[in-house]
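Heads up, the next two complexes both have subunit A, just with different partners, subunit B and then subunit C.
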Partner chain A sequence: MDDVVKLAFDIAAFASIMVLVVSGLAVIASLMGIFNLGHGEFVLLGAYTVYLFREWGLPIWLGMLVAPFVVGAFGAAVERSVIRRLYAQPIIAMLATYAIGLIIREIVRGLIGGQYYAIEEPIPGSFSVGGLSFSIWRTVIIVSTLGVMVAAWLFLTRSATGLQIRGALENPALARASGVSTDRLYALTFALGAALAGLAGALMVPLFSLSADLGVRFLVQAFLSVMLGGVGSFEGPLLGAAMIGSMVPGFQWLREIPGVGGAVSPVVAEVLVFVTALVIVKFRPNGLINSGRR
Partner chain B sequence: MARDETPRRQLRIIPIIEIALLAGLVAVPHVTSDFQTIIASRMLILAILAISFDLCWGYSGIMTFGQALYFGVAGYVAALLANKAGVVELLLIIPASMATGLIAALLVGWFLLLGKRTPTVIFVALGTLTASYAAERLVAGWQWVGAANGMSIWEFAKVAGLEIEPGVWFYYFILLFLILAYLGSRWIVRSQFGLVLAGMRQNEERLAYFGYRVQVFKALIFAFAGMIAGLAGGLYAFHEGFIGPASMGIGLSTYAVLYGLFGGIGTLLGPIFGVAAIETMAFILSDINALKPYWPVILGFIMLIVVVWRPTGLLGVILSERERIGSFGIGARKKRKGGGDGAP
Partner chain C sequence: MTNPTTRRGFLRGGAALAAAGWTAGAGGWVLRPDWANAQAGAIKVGIATDITGAIAPSGNANWQTAQFAVKAINDAGGILGRPIELFLEDTASDPGVAVGNVRRLIQQSEVDVVLGGITSAMREAIKNPITQRGRTLYIYPQLYEGQECTPHLFCTGPTPAQQCARLIPYLIKEKGFKRFAMPSANYIWPQLLNKWARKVIEENGGEVVMEDYFPLDQLEYSATISRIMSENVDHIFNTVIPPGLQAFQKQLFEAGYYDKGGQTCVYFDENTVNYVAPRELEGVYSCLDMFHTIDDPTTKALIEGYNAMWPGTPYQFTAGSASTGMYRGIKLYEQAVIATNGDLARDAVSEAMNSAAIAEGPGGPAKVIAGTGHVEMNMYIAQSVGGKWEIISSESAVPPQECA
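== the complex of A and B ==
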């Protein structure tokens, strides 16, 4: 029983990170119709900001607070300089974001080398409830994800800008005709999506270690989440993210079962996640959520 | 496109480039040192890989970010044949690696392209990327195939019983296969099959109305491209005497995309020039130590610039739109802008 609770807690922590990553991706994809292939590298940039703060001798938590703003500003700059030109051609835009991702990844690789850096948790230690101990940092991750999701939901449903965003999502031409500047909205959305990725990167870096190829891994997992959850709805990708996020520690946990454990190395566990997700996508091409609804 | 009412003779540039390129490639080993010939041989192998990317993206609109997968798998099969079964005869290795690439691409194509739902470009792009990434991770953790260290082939390859080592003869051997791959691809894209591909590029929906099973055509050309990539992989494993996880991962896949886009997609010749240009730059820059770690960054910027400002690549500078057969997405877009889509 204790094991199950601990596993559920770990799953919740990993799923939270995936939800953060995917929400940024989904916001951009659903509003602008552009699948940001550089999204994983925005996550990496968030993680790298935290690393920089540590290198400069500044507190890590400060880096984590600053990271979303840094990455958000970067996203806005990318939108202004490149993506803006390519609204009419989502596929070219996708290639451009891939190139941007490549640039970020290789610059970070040049700066930190091929190494892996472990970054300690800003609030180490654990607390115990009913005889079980929980890591404080993972709790922080879960709570902040919930907080961000609630805030985003309130922003979209209650604020005036949120209304404009929903309007532009339904019908961009009509939104423009009604005097809503979709250009401004798109810039805002892109910055917001990048900021979410930055936050995810900053929060998760103590759990994973920092390396240049971090972003690719998150891009692939985010893509599988979107495919699992189904495209089109907003909650679909998030549920998909929760599933992918839970599969990762779930399959790793398989290794602790005697008998099976030997056959499942960490790499196999990771690849199993891909295979499972792809098989589900193959047989439920509209995603789990959408196909259930129809 | 085909609505020019005045059929006038136009100077065809592609045949001229073809002949000039062939003459140039034949002459290369006579003007370079042995070391440079080996570098040039590697470029030819990469050119085969780049052609396979062009077949997918330039000719059929299949965005593949994982073309190195077939290259790598075939390379591993070649290395395994050499190390575990003692087969170093290239006349056996090459069909084996082509078959490997073909089968791998058939599997991935079946999975990604032949679904119940017509896959979007983005789904295919990320699906191929995922396949390549997963394969790289898997191989890097698999002890039997050398894990992260890859596999070395210690013996020299043989052609019809004669030993062949990297150098002038190996160069010509590879050149022969590059020519074969090029001619084979050219034959396909100019055949009736290629006509269907061209129709698909123009208007996929309409072609589907005509009764063509568009996705099957895509899967077929994808498998053919995989076979060509496999050919390159088999040659690569023996030419370098080594194959590693990096040869099937997203790094090399990205390079394949880059070669194609830079040289000019939709012209089969473009990828060859793309490889030559990018690899020559890499070779020159590798002497400058300060720039070395940032070479991939430069490549990223090149890719960005090409994608945003020069989507037709190097060859697009000298070739007319008419002669550039491919340009999937770009040509279609221009047409739509002109309002001439012809839909009633």
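== the complex of A and C ==
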């Protein structure tokens, strides 16, 4: 029983990180039809903001609060200057985001001197319930992810702006004819996606460490999540992310089953995540949820 | 943060930027001796170490140590009147990047000897470009798994026999640890060291409960740590390295293991605080050829000199980060060149290295065991208590037991 609780917690923690990372990607991919290959670097910028706050002697938690706004503003600037010229050419837009990502990554690499930096959690340590100990920071991440996802979902489905965003997606010409500024909405959506990436980077950096390649290692898994979940909706990729995020620690736990342990080394477990995801995509090429908004 | 207004900070930042591909003609740094006419007849020493990347804190300590050792030699008149000129190439914690950069040391800078490489993966990648294609002497400064008997390659860090032959029996017999876990990074050092350590553990009545290999940059260790907790492991023989190390130690701490059992990591030292939080070092055992806490005037003077040359540096002069091996390597090379009477030809120096010895060095004297390419040195068992490495025991002139 203890093992099951522990397993559930570990899976929830890692899945939350994946969901946070993917949410920003999903917002932009699903609502704007643009695959933001620079998403990993938006995550990196969130983490870097926290690092800067620490360097300036400001509280780390403040950096975490500010990071989504900084990265959101940066995203808005990117949209205004580059992305908005490329809505008609999604492939070129994708390449542009890749280039932007590369520029950000190499600038950050230069700024931190190619080093790795450990960032402390604002609330370190663990608490125990019934003899089991749980990391406080991982709990914070799980709770924040739930909160942010509910807020994003309410915003998109219940608010007037959310309705406009969905409307502008469905039929941009009609939306414009009805007096909706699609320009403004796209900028807002891109900024929202970037802000979510910034938040993901800021919250997860204490679990790992800050390096220029922080975003890269999540990007591949994030795209796999989007493929797995399906592009049309906001929920689909998040479900995909939750699945990928569960598989990463989940397959490690497979090794606890007697007889399997020897066959699944940690290295094999990492590969298994990709194999499983690709098999699912093979049988559901449009993703798990493909009836969403189009 | 690097302070770009000092020359030193500029050099460090510059090297990092160069390594990140930011400065044109990215590549090495040359540190010329500041004597008049020193250029004529300078001895060219190449340093290939990890200035950037996951183990940069160790690599930067190595580079600072090399400059410290060379400055002392040059200030005292050089080797037989000839100054040493230092050439740095960044190996970037990435063997793929390293090979090209190391080749530059040999082909463009035409160095007389290369010192460097920290992980065994790095040594494996650069040893052939240096010793075979490059026909150059190579000195590898880090503790490692043993069995490196390549000609013209000298290992100046400790071997498994030096690090573990007394430590493991001590842990089992004196401390009562019985059930060992071996979480490891998936490369040659952990694999061969674990094989060696497992034998010693079993001979002394201990038991290895689990031995797991992870990708070097794994982020998630919950399953392994949970098993460590549920299998009642009472000692972890840790060979995880950065960048996976940070996540591993944090998750191990958060799981509450530190209240339950002990841990050994034979590369942990005073420099490890650059990788993991001090709380995650508490109680950890290590066995190395030098700790800052040993009672040896030479060692104390060296550390003081290093800290005076690099005030405020986060990168300490330590054993587990290969700095003692780096210092020893440069001093042994100096002795060898004196013995050849200034002949820098590889075969001649290599031959002279076989009988090179230094009476004083970090941790004590050191002597190359002829024909083995390894070094006899003093070893110290220590435990990290409240941020200090408390010495438990020491042994003089421990033989490397390699390539005999």
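One rule holds in what follows: the second predicted complex is superposed on the first by the 267 of 294 C-alpha atoms of A that agree within 3 Å, B and C clash if a C-alpha of one lies under 4 Å from a C-alpha of the other, contacts with A are read in each partner's own complex, and residues count from 1 in each chain.
Note that in this section contacts are C-beta pairs under 8 Å (C-beta built on N, C-alpha and C of every residue); 3 or more make two chains touch, one makes a residue touch a chain.
Quick caveat: nothing in here was measured; it's all calculated off a predicted structure.
*Asks:* Going by the contact rule set out at the top, does A:F35 touch subunit B (first), subunit C (second), both, or neither?
*Replies:* first
*Asks:* Could you tell me if A:R109 is touching subunit B, subunit C, both of them or neither one (first, second, both, neither)?
*Replies:* both
*Asks:* Using the touch definition from the top, say if A:L278 reaches subunit B (first), subunit C (second), both or neither.
*Replies:* In the superposition, A:L278 touches subunit B alone.
*Asks:* Going by the contact rule set out at the top, does A:V267 touch subunit B (first), subunit C (second), both, or neither?
*Replies:* both
*Asks:* For A:V82, decide between first (touching subunit B), second (touching subunit C), both and neither.
*Replies:* A:V82: touches subunit B, not subunit C.
*Asks:* Touching A:S209, do we find subunit B (first), subunit C (second), both, or neither?
*Replies:* In the superposed model, A:S209 contacts subunit C only, not subunit B.
*Asks:* Tell me the contact category for A:L224 with respect to subunit B and subunit C: first, second, both or neither.
*Replies:* After superposing on A, A:L224 lies in contact with subunit B but is clear of subunit C.
*Asks:* With both complexes overlaid on chain A, does A:G198 touch subunit B (first), subunit C (second), both or neither?
*Replies:* Once the two structures are laid over each other on A, A:G198 reaches no partner at all.
*Asks:* Touching subunit B in one complex and subunit C in the other: list those residues of subunit A.
*Replies:* Shared contact residues on subunit A (touching subunit B in one complex, subunit C in the other): 106, 109-110, 217, 265-267, 270.
*Asks:* Touching subunit A in the complex: which residues of subunit C?
*Replies:* Residues in contact with subunit A: 1-2, 12-13, 16-17, 19-22, 51-54, 56-57, 92, 186, 212-215, 217-224, 226-227, 230, 242-243, 246-247, 250-251, 253-256, 275-277.
*Asks:* Per the contact definition, I'd like the list of subunit B residues that touch subunit A in the complex.
*Replies:* Counting only subunit B, the residues touching subunit A are 63, 65, 111, 115-117, 121-123, 125-127, 129-130, 133-134, 137-138, 140-142, 250, 254, 257, 261, 293-294, 296-297, 299-301, 303-304, 307-308, 311, 329, 333.
*Asks:* Sort out for me which residues of subunit A touch subunit C in the complex.
*Replies:* 2-3, 6-7, 10, 13-14, 55, 106, 109-110, 113-116, 118, 120, 124-126, 128, 133-135, 138, 207-209, 211-212, 217, 248-249, 252-253, 255-256, 265-267, 270
*Asks:* With touch defined as at the start, can you tell me which subunit A residues reach subunit B in the complex?
*Replies:* 35, 37, 82, 85-86, 88-89, 91-92, 94-96, 98-100, 102-103, 106-107, 109-110, 216-217, 219-220, 223-224, 227, 265-268, 270-271, 274-275, 278, 282, 285-286
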